[in-house]
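Comments concern the structure below.
Per-chain residue numbering starts at 1, and chain names A, B and C are given in the order in which the chains are listed.
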Amino acid sequence: EIEEQNRLQDVDTDAMWLVIVAVFVFLMQCGFAMLCAGLVRAKNTKNILLKNVLDACVGALGFWSVGYAFSYGQAGGGNPFIGNTYFFLTNFEGNDTYQSWLFQFAFAATAATIVSGSVAERTKMAAYLCYSFFLTAWVYPVVVHWVWSSAGWLSASNVNPLLGVGLVDFAGCGPVHMVGGISAICGAYVCGPRIGRYDSDGVLLDIPGHSSTLQVLGTFILWVGWYGFNPGSTLAVTGGLGAVAGKAACTTTLSGAAGAVGCLIIFKVSSHAFDLGQTLNGVLVGLVSITASCALVEPWAAVIIGLIGSVVYTALSEFVKRKLRIDDVVDAFAVHCGGGMWGLLAAGLFTTAENHQAAYGVAPGTPHGAFYAPIGQGHQIFTCAIVGIVVIWLWVGGIMLPFFTLMHHINWLRSTEEEELAGMDVSKHGGSAYPDYVFTPSAAPVGFP
Amino acid sequence: EIEEQNRLQDVDTDAMWLVIVAVFVFLMQCGFAMLCAGLVRAKNTKNILLKNVLDACVGALGFWSVGYAFSYGQAGGGNPFIGNTYFFLTNFEGNDTYQSWLFQFAFAATAATIVSGSVAERTKMAAYLCYSFFLTAWVYPVVVHWVWSSAGWLSASNVNPLLGVGLVDFAGCGPVHMVGGISAICGAYVCGPRIGRYDSDGVLLDIPGHSSTLQVLGTFILWVGWYGFNPGSTLAVTGGLGAVAGKAACTTTLSGAAGAVGCLIIFKVSSHAFDLGQTLNGVLVGLVSITASCALVEPWAAVIIGLIGSVVYTALSEFVKRKLRIDDVVDAFAVHCGGGMWGLLAAGLFTTAENHQAAYGVAPGTPHGAFYAPIGQGHQIFTCAIVGIVVIWLWVGGIMLPFFTLMHHINWLRSTEEEELAGMDVSKHGGSAYPDYVFTPSAAPVGFP
Amino acid sequence: EIEEQNRLQDVDTDAMWLVIVAVFVFLMQCGFAMLCAGLVRAKNTKNILLKNVLDACVGALGFWSVGYAFSYGQAGGGNPFIGNTYFFLTNFEGNDTYQSWLFQFAFAATAATIVSGSVAERTKMAAYLCYSFFLTAWVYPVVVHWVWSSAGWLSASNVNPLLGVGLVDFAGCGPVHMVGGISAICGAYVCGPRIGRYDSDGVLLDIPGHSSTLQVLGTFILWVGWYGFNPGSTLAVTGGLGAVAGKAACTTTLSGAAGAVGCLIIFKVSSHAFDLGQTLNGVLVGLVSITASCALVEPWAAVIIGLIGSVVYTALSEFVKRKLRIDDVVDAFAVHCGGGMWGLLAAGLFTTAENHQAAYGVAPGTPHGAFYAPIGQGHQIFTCAIVGIVVIWLWVGGIMLPFFTLMHHINWLRSTEEEELAGMDVSKHGGSAYPDYVFTPSAAPVGFP
């Protein structure tokens, strides 16, 4: 009877943990909103903010109605590809709880909101509303089911996981950051660049955002939220998981810090300026890069993962904007998909046996990171990461590219030239976000209505 | 002895919970400050911010000295109308703890700060300081005693509650949001509208706030804080209350999201614009509306409650500003009192027996929501809600209307015309909040000093 | 076996607590960034923000590599002056945990970031990077070892503490606030005042910051973070420490509130304005002042401590800027070192026996606050506070004054006159933080590049 009492205490304690870390993750909605707002021009501020608010709201309704069901519903043992019960949060029972829905919803909303910045300053609201619902209700949940549901074919918690390990993705480099990042590049590609982003010779022109302060505020809030995202992915603290969460929080910090220092150095060397914006993206790519392996690696490895993340980000960002000439306003693809892919691979390299066991409860002898195995062995996590990367690209790209293309063809995606030049706020949202201020001639709304 | 060990563990766990959720609720002070600042003109920014800061500070001193005592002091079993011990937090014992004070203080400060925005841009600081202390020390605590103290005559935790149920108000639609909202409308009415709010024919003119970004920041912070407000009102997580908190967090999310979508649609249809400000108020009214019943209803009901909340808000807001011609700068009355009243009624309609038992520990057979009862039965919670709405209106209106009228007569309430035209910051606070920026002619401070 | 189960539950619960409060403390980085940004001119915004971001990042690497080791490493029982193991977080074992590193790192970053504001608008980035690493890796850890490591010579948790009590500093008036504040005054002194801060007769001229809103945002965020800082310094909630955390949260609130009201009154009387900036510094000095004794005093004492803190702050601030003519842009010295010294002394005066025992587990009969002892007795905590104040001044001043002087001599510290007049953002960071806005002639960047 005392044993039962203790078990119930554990249930209560874990419920508390999940509610609190879910709140931290939800706070990231505020962070993304401030970050994106800071990176657009003043004349498009209301537009991007409204998109970020609606992300969370439409995402909540999407994840309530069908998203959670597709993610985790396992009636009759479930199937490997998609969840099949709990629609509209009915028939909840067993281990599924409302706080679990809250935590998972906050993740879904994060995946959705990653896109808002990349298509900013030129996209219609209608397409964005459709996208938000579609991603949180369908695209994201299916990937979650594969990777995190114990019925999922790619899941590390499957009783019979792929290659004996499954995809080791502790907090969501794949389902959240890759899904968001791939959607972002699809959207930005189909949408086309903003007017004035490239000159007539195709040379990249700088379009600075209207507030570095908002960018810093957003980044710091995201960093704080990440302590819900990564350590919170233990989903519980009892049974020794509190210490796992502690380790995840430590590595998260170090990787973010290393990413920032990496980007600071890269841009100081290449441009001779201490670049605030790039340093902030360095923080973010460091945080993304450690997301898959936060509970699985040692602190020194986290520093290396963050540093390499800053290189991956820089290379991808330059490639996308200069070679592909895709106008990803907030570099969402380079940060989230770049960091996400590297993060999955890094888990394949640096996972230690001890951490793997503490975090996942795997049996002794389960393969761990290639770095710790003899040459030619220990490739399983790495190989699963490659499988994961490929299938997530195919699934998300195969759906979102046609989705945005369709939106474009029915003329729901791209704003008119007049609206874009005038700024979305004046043309679509009833006036400027900052009516009291005087703006420079180049920034002021023109020619509309 | 192990049983005692477990009991002490529960005490520690619950103390942790209460400290953490109190911090979330306190964060709402920051949210209100940013929200209100965004909704006033740049020239009155310091003024509104200082009022919001002092709300928290004066409120802390008021709630320390007498407020908590009037709320929860129960020497000799207490009495139904007002608390009678714990003045200056002395003689604390038994179940009353310092973390309980912190949590309740954060609620009191929330009730107080609701008013700041509605009387913004035209009110003197002295009246506001008096009001802050008076509300947190007297008006609010008495309502709390009625509704939440186990000695209170209207309390659901009274051993012999009204109609067998008492006022079912899980997290404070009545004591916090109605008290704040009624005070707000009293203040805005007595104060009179801002210069320029109505033209000479009484037609409403728009006075946009100076930063939509601050409004979004404030709203998101409030949303985060609400996860302390609503789930935190379990006051504990042990004994199965962790799951109750989880459910409250889920319904809170859904109602806020539904409120936002409701307002987005209403204003898109009526004005053909995607209105950011109205969508944000939709979030807030959704959150207010679910506050009484967050732990008591199913997720689908939360969506309906939020949607109806958006209708209530819109109707009240239009009525107040166009028919009553009261200038409530931030729509505090429509959001907080409108949502609060609807929220109390909604608890009377949608409370399920199962949730009622989990959240309140009521005996089987206790009446629950009218929606789930045969026609003509199950009206008790609804009826208590009507009683609560009426007595809170009488108590708060009966005190605050004379209070603000008195302040007005001794000339402590309304700023002079010169001060108002010049802006409160230049006239009363030593200069602009943004001295480096150039403002538009209509927004720039004029004629003072 | 059930006993062991309960012990493990406690370990998990305490791990949860430490992760969560560490997140709150880390949030203070965001608060300091916003506060400092608000207090500088628009043309130096990116510069101060980048410094604040790098504080956290460089601090993380410094505290990972050697800082935590110097603070808490106790190989072979340790020594009284400096830690000696755990470099790069290796060889972790026993009671040291990763969440402990996170919490302590967040403290170290707080100490470091205090300086950024005081040397703002005129300092080179290179010196600041060196400083950040040096402080978090060396200066701060040594003080922490003295005061908080059980091996430390000044530590209250030493088995044989100084005067039978050791330095009673529950949450860090000494190691964090005095260390940060003394470093701040050293930096500001060596750097010299900003151009235009004093006229040719040495008269102080006002240089207002560019956003009061950011100052309020930062202060509120700091206040929230303080609930991690002070209550979190219990390091655990089990064994009755949850109630200790609750009391600390209560006194923290009251002292911050009293400090604000104190400053409001002082400046209303002396300048006839309701001064927002001074009120905000009043909040901060109130929070600093209670930091040493938050778990040790009664609520009424917290109010007094906060009020006196506001007087200490005002006197020191005026003295520094008018008599010493040191240009401490954010008054970091007056707030943090002033409040920190007073806070240590206040613990010597107001500590009660009951609180001392609950918070520190001291034996009955251990000396407590002088206020509660017969005249001539009970001076031990107070005397230790004076010892602590002296040695911290000697250690920090003795290192940081030469450090900044050396930096100045090799020309790494002070920006050139051209850079300063143009603003650091244009001259060093690739452009304005707010490129869309028009600034007043006096605030606009001039003459560069």
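Just so we're on the same page, a contact is a pair of C-beta atoms (placed from the backbone, for glycine too) under 8 Å apart; a residue touches a chain by one contact, two chains touch by 3 or more.
Here the structure is a predicted model, which is why all the values come from computation and not from measurement.
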item	value
Fitting subunit A to subunit B on CA atoms, where both chains share a sequence, rotation angle to nearest 5 degrees	120
Shared interface numbering between subunit C and subunit A [over half = same, under half = different]	different
Distance from the mean Cα position of subunit C to that of subunit A, given in whole angstrom	33
Subunit C: positions in contact with at least two other chains	2, 6, 9, 13, 16, 20, 211, 217, 437-438
Footprint of subunit B on subunit C - complex, ascending	2-3, 6, 9-10, 13, 16-17, 20, 24, 41-43, 208, 210-213, 216-217, 219-221, 223-224, 227-228, 231, 237-243, 245-247, 249-250, 253-254, 256-258, 260-261, 264, 271, 273-276, 279-280, 283, 298-300, 303, 437-440, 443
Subunit A residues touching subunit B - in the complex, by the definition given at the top	2, 5-6, 8-9, 11-16, 18-20, 22-23, 26-27, 29-30, 33-34, 37, 45-46, 49-50, 52-54, 56-61, 64, 88-90, 97-102, 105, 125, 211, 214, 217, 428-431, 433-438
